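Order as written gives the chain letters A, B, C, D, E and F; numbering starts at 1 within each chain.
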Amino acid sequence: MEDMENWLAKANVLIEALPYIQRFHGKTIVVKYGGSAMVDHDLKKNVIRDVALLKLVGFRPIIVHGGGKEITKWMKKVDIESEFYKGLRITDKPSMEIVEMVLNKINKGLVSMMEKVGVRAVGISGKDGSVLKVDKKLVGDKDIGYVGEIKEVNTELLNTLLDNDFVPVICPIGSDDGFYSYNINADDAACAIAAAVGAAKLAFLTDVEGVYADPLDKSTLISELSVKEAEELLGSGNIGGGMLPKIHNCVDAIKSGVSRVHILDGRIEHCLLLEFFTNRGIGTAIIGDEEERYYEKNV
Amino acid sequence: MEDMENWLAKANVLIEALPYIQRFHGKTIVVKYGGSAMVDHDLKKNVIRDVALLKLVGFRPIIVHGGGKEITKWMKKVDIESEFYKGLRITDKPSMEIVEMVLNKINKGLVSMMEKVGVRAVGISGKDGSVLKVDKKLVGDKDIGYVGEIKEVNTELLNTLLDNDFVPVICPIGSDDGFYSYNINADDAACAIAAAVGAAKLAFLTDVEGVYADPLDKSTLISELSVKEAEELLGSGNIGGGMLPKIHNCVDAIKSGVSRVHILDGRIEHCLLLEFFTNRGIGTAIIGDEEERYYEKNV
Amino acid sequence: MEDMENWLAKANVLIEALPYIQRFHGKTIVVKYGGSAMVDHDLKKNVIRDVALLKLVGFRPIIVHGGGKEITKWMKKVDIESEFYKGLRITDKPSMEIVEMVLNKINKGLVSMMEKVGVRAVGISGKDGSVLKVDKKLVGDKDIGYVGEIKEVNTELLNTLLDNDFVPVICPIGSDDGFYSYNINADDAACAIAAAVGAAKLAFLTDVEGVYADPLDKSTLISELSVKEAEELLGSGNIGGGMLPKIHNCVDAIKSGVSRVHILDGRIEHCLLLEFFTNRGIGTAIIGDEEERYYEKNV
Amino acid sequence: MEDMENWLAKANVLIEALPYIQRFHGKTIVVKYGGSAMVDHDLKKNVIRDVALLKLVGFRPIIVHGGGKEITKWMKKVDIESEFYKGLRITDKPSMEIVEMVLNKINKGLVSMMEKVGVRAVGISGKDGSVLKVDKKLVGDKDIGYVGEIKEVNTELLNTLLDNDFVPVICPIGSDDGFYSYNINADDAACAIAAAVGAAKLAFLTDVEGVYADPLDKSTLISELSVKEAEELLGSGNIGGGMLPKIHNCVDAIKSGVSRVHILDGRIEHCLLLEFFTNRGIGTAIIGDEEERYYEKNV
Amino acid sequence: MEDMENWLAKANVLIEALPYIQRFHGKTIVVKYGGSAMVDHDLKKNVIRDVALLKLVGFRPIIVHGGGKEITKWMKKVDIESEFYKGLRITDKPSMEIVEMVLNKINKGLVSMMEKVGVRAVGISGKDGSVLKVDKKLVGDKDIGYVGEIKEVNTELLNTLLDNDFVPVICPIGSDDGFYSYNINADDAACAIAAAVGAAKLAFLTDVEGVYADPLDKSTLISELSVKEAEELLGSGNIGGGMLPKIHNCVDAIKSGVSRVHILDGRIEHCLLLEFFTNRGIGTAIIGDEEERYYEKNV
Amino acid sequence: MEDMENWLAKANVLIEALPYIQRFHGKTIVVKYGGSAMVDHDLKKNVIRDVALLKLVGFRPIIVHGGGKEITKWMKKVDIESEFYKGLRITDKPSMEIVEMVLNKINKGLVSMMEKVGVRAVGISGKDGSVLKVDKKLVGDKDIGYVGEIKEVNTELLNTLLDNDFVPVICPIGSDDGFYSYNINADDAACAIAAAVGAAKLAFLTDVEGVYADPLDKSTLISELSVKEAEELLGSGNIGGGMLPKIHNCVDAIKSGVSRVHILDGRIEHCLLLEFFTNRGIGTAIIGDEEERYYEKNV
């Protein structure tokens, strides 16, 4: 009988997911995959299975991933020193070659993991079907090489794949008008793609719990931020290093038509499922100013 | 933290459902809805939400329902005495009128419950689109009135509804060549429809635990029966009253191309979800002789 | 030779229908079916065959029907007293149950008659596919129970059926936001549906000859009324009881985009065919102010 | 009141047509148009309107026409003497030029008449879309010039036009493998086309009443002939001149899959409507041996 | 080895065509076919094969043709004197009959030539599918008979044919509201059709080299003219006889949305290919004022 | 005038291509890209533009490529020694990683080149959409690591891309049932893919002139070989090293339904165009025994 109660509890979990499944049925969602969730083997398997579930219950997921640590590792292997300028990797031709090889390796690895759990996936870069067209990124006078800024997202290939039931797995490489390859910031790529395909949700898997009102006080984690509130926070000077551009990205994405953007803690197992299928607010959601709020602040 | 473990458990339930969702994605399944699950208000709500979930994760459910007790209640209300012959209701014209009114009432009630949980449903009888064509049932020399035997299932309306994302909710009334209305056994209707649409699964919600090898010994519940084993059991004389025609029906359905037929205990909450999304064998499954077995016998 | 002349006359009737068939080919038309035409067996058969013909020559008919007398008959059968307030049936829960059962009975009966003449039909209420969403009707302070006012018509199911060659037969029951059932005035339902599907024509089968300029003088039957003229007539105080809301309905329908609304005398055999396929003006047509007139006034 | 009876009679004519409309709805029918019905202005207008009606009530008509008398008239105009061998026009290059010009003139004239009554039509010869491919007809040793025997019907263009709601109007000219133009017997063309498109009916408009058991006795007109009976009649020696090849054609058409072939008297007004929409057997029908018979012999 | 160089040269020609093929892929182009290219047998064969190639590499060509000299020849044959008024043929009923017969003869001849090179073609006049609707052309008080001015182009038939991979071959005959046939200037027809289908290019095959800045000086051939320049030229008084209306036509076509109009010298072999697939400017192009220029003036 | 002759010659080259374009219009063709044509920059650009032209004139090309020399270069860069066993690279995990990175690098490079000439391309490996499923290759008792033998080609992704106008560019990596990556011989991959998609043609770009009857005598190059002749040649002992498996592959491909397989000399500029668009036989064609022969043997 104990056993039966257990099963019943399981059934109830499925039933609880019902309204969440309905809300996003047929909608396109973009998952920016990065951080610890890409390194830890178990977390990785979980992310893949979570995305598979999203696909199977009728969502149209797109994965955009980076490859930071792996790139540095391979740079060393082939004796190229990694140089940075204002936080951006200076990417000369030999570096770009390594960047592209490593990102494609990660890309096809993710595809295999998706296929293994029975979901059809296709690994592309922004060069395929000219999905990501870039301009060379300018940082004052400094030439930082093949680092690109997205100027156009061509959604034809993405829609072809989504409409035919494939999950696009995208690595952030684009080409300029001369069809040279450029490295793109993965967060930027995820945002631009989410905006271009009119995603209902964009979720960043990060290595932080979310956005804090006061970064020094972990108890001030914010569950939900309107664009207006986010912009105030950006102006407050309270937002530090890595989070700053991410929040800027989130705000841009919302303004380009994405309904909700989530900063999730990728170190939490199944954080995607928790976010998509339960009413537990994990991490921080940035939403349009008129968007209905789901969560009360946790403070 | 306790809280987090709880959430994680929930996520794992969803993940466990993954292979089951994949197996039946896009497949048509027929649920014969009857017994206690149609009377008890909570069970009823559960069945509806279970079917909604099946629909949302990509299955194509069809509901076929009966209305036994409700019919008898209304017969009394309008002072018609219920007469039976060999277990079949003798259905003269006035009785048939009541039968049809009551079944349609139940039918549209189920539709409203489906719509309430956000699933689009359409309530039809076998007269709509001539879905169920019958001959008058002959029981020796005895005229038992408007009781029909299905001779043809016209799937056009069913496919139109399924292909356009509606859940057909069907009450077992058909018409003969003169387009008179006939009462049909709901189990028969479910079987004929499952066979005609090429259902992957047919599930009977009943008021028993399943099939017993020895009906007097509750510990002999059988989890899985091949057609061959089912036919041996039918021959053994060990199968009693109501279960006999049901097993015959199951065997017929399998032979007409349905992959798996399940006799479920509708008194168990969410028995449909347990059956479809977990590896817990509840009730009894009848399967083709070459079909792969999922469960070990419980004995 | 006489015989041949006879046949020739028949051929000429068909040829005369040609321009009328062309005018409405592929157009959706709504027939509000009620009054004597629903009671008299021969008239009933004629209406059904007329609608079948409309379907076959390329129109897309929708039938909306009521059930007044039959409801009262069944109320008596189960000992519920019919109470009215300002002409509206006070509909408590037990009454609503009977209303729904009787309307569905009539509904499926019409479906069978359509199928019998070879036209595919589906009987639905406004609860199926949430076709009719209502608010509770307010009549001053008086609570008249489950009587609804249409607030939204969901055309998805209607279009699915029409596009797949089925004739929708609709009984005027809708559901509110809590998915409770409500009785709706059939004329209102026909109007709202005609407006929502963009019908080219809406025809009311009634028990009157049409609209009279002077109700006391049968020689003042009006063949055609522009919306402006209809509104003047409504203001004149010359229009009596049952006709008043019907003309209001007609005017609303025209304003919502229906091209022509007809008040036909359902007691005339084949009045639908006469209206659709000949240049004989029977009954009264309400038309947009700029609509071309077909008939001269009969006065 | 008299007036009303008159209208009622008209309605009944339409209702009588109902089963005939149903039987051929969506079916392709071929009308071989020729004889007096092509010369007399009123008959011509009637044929056109009859075909328009067939189209509007859901049939898919194809017209195949000849041009006998008109060709001879133009031959004279340009001083070419018409020569015949065994009933076939000897068609040298200059003759063929005239034949083609005259047939196209008639062809486009029929198209205009169809368009005038509101039906979309396209005039083609067998050269367009290579609909009719021929071999040179051999008559013993005699070279009779550009007279062709059909070896292949290419239905692509026909289906494109039918599927897009155009009525194909076809003149019997084909091309050989060298793409030279050839004159084809119009009856042969109609038969070959009817067989190739799988027509449900093929109707010949002729200048005779039909087939007589005894050609000398007008009272022996035959209403219906099975293929077997037709072949017996052909063997009997009782069938004279022009009728012989026509009956051969009919039998061939039935054997190639056409359901019914009709030899109609094109001199009777609206003979097509009488044939398609009433139970009056005019002319003679050749039907498959197992086809159900509609008419009793008139004898 | 010499041989190999030769083949390589050939491959390079194909490769040079690449950007031109890309530019017009899937675009509709109209070729007005007339002049010497319709008389000389070899030029004729070349035009047909050129159009076939355009079709095969993914363009959607439409041919519009005239028939000037052939008409005059046949007029004589049947002893009708050709009369002209202000350059327009006075077209009484008998003349119109000849005009139509001759144009249809040419029309079907071109179809056969297209079919011979393996391209599916359909020969139509503006009467088919009511493609060209006209008003009677008025020239002051003078009645010049059945000469029409286009008032409407119905593109349904054209699109049906193009979408189903047929090349429409069109002769310039239209019908008025009474469905009488009218002769239309072929240049006008080509322009109106190009504008109606939104052609990317309209090419006139003529018997001149192109437009000259000074008609007396052959060295002043103009390669490219903007609409503005063309209008200045028209105002200059330097443009003579036949060229004047043609340039007016070109300007009108551009203003109606055609991107580029070309006046080509049909006496040059494969002038269509040279124009479409190479960067050699032959003849004169009229282009929109903001259109990019391809050629330098040849002067 | 000289100039004009030159242009005319160009036009004639295009016209000569006409029948070749027609023959393969809409057909799928597979190009195995390898050897010198992948190393020499000019040859590379030519191959890309040739494939672009094939795409634009209506063929559906698929590119399959290898990466031999580049892999060896990168192995050295990361200090992995290349080991071979019976001509097969022994591929341990670290080697496989390099193989995959290099092949993907080449793959995406080809995609960029295709996109640069205006053709939409997508670079995939056999892991994407599980296009290539493999078993571990067994070479007697020797474990040669991640070297795979194709057991199944899943064409869904390929057809999705082809049907949506993308050129698939495929590198020969597949996954086994455990979804580990395996290196596949590129010739094998090209053959299996050509067979699976029902290619009309499979062309190998190689570094040899073709097949010689006597490898020592360059004058014995064979233009065309039936399967039967190819098998005799294989039996003759006259075929050496690298050519042996290639001919086996060709024969297998033909037997699996590919119509023609070509061994081309990739060192000849535009060899693909010469093969596809001219009647010059370059290299050796293997064809089905009943296939029509195009070339005479060169001997």
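In this text, a residue touches a chain if its C-beta (ideal position, glycine included) is under 8 Å from a C-beta of that chain, and two chains touch if they have at least 3 such contacts.
Going by UniProt, the chains are A, B, C, D, E, F = Acetylglutamate kinase.
Worth saying up front: this structure is predicted, and the values here are computed from it rather than measured.
Residues touching across the subunit E-subunit F interface largely coincide between the two copies, over half of the numbers being common to both.
By residue number, over half of the touching pairs seen at C-D are also found at A-B, the match among A-B, A-F or B-C. Rounded to whole angstrom units, the spacing between the C-alpha centres of subunit B and subunit F is 55.
Distance between chain centres (mean CA atoms), subunit A to subunit D: 69 Å. Not a single residue in subunit E touches at least two other chains. One full turn of the ring, starting with subunit D and passing subunit E second, gives D, E, F, A, B, C. The touching residues of subunit F, when paired with subunit A in their complex, are 77-78, 97, 100-102, 104-105, 108, 111-113, 115-116, 120-125, 127-130, 156-157, 160-161, 164, 166, 173, 175, 178-181. Of all residues in subunit B, only 4, 7-8, 10-19, 21-22, 25, 46, 49-50, 52-53, 56-58, 117-118, 268-270, 273-274, 277-278, 280 touch subunit A in the complex they form.
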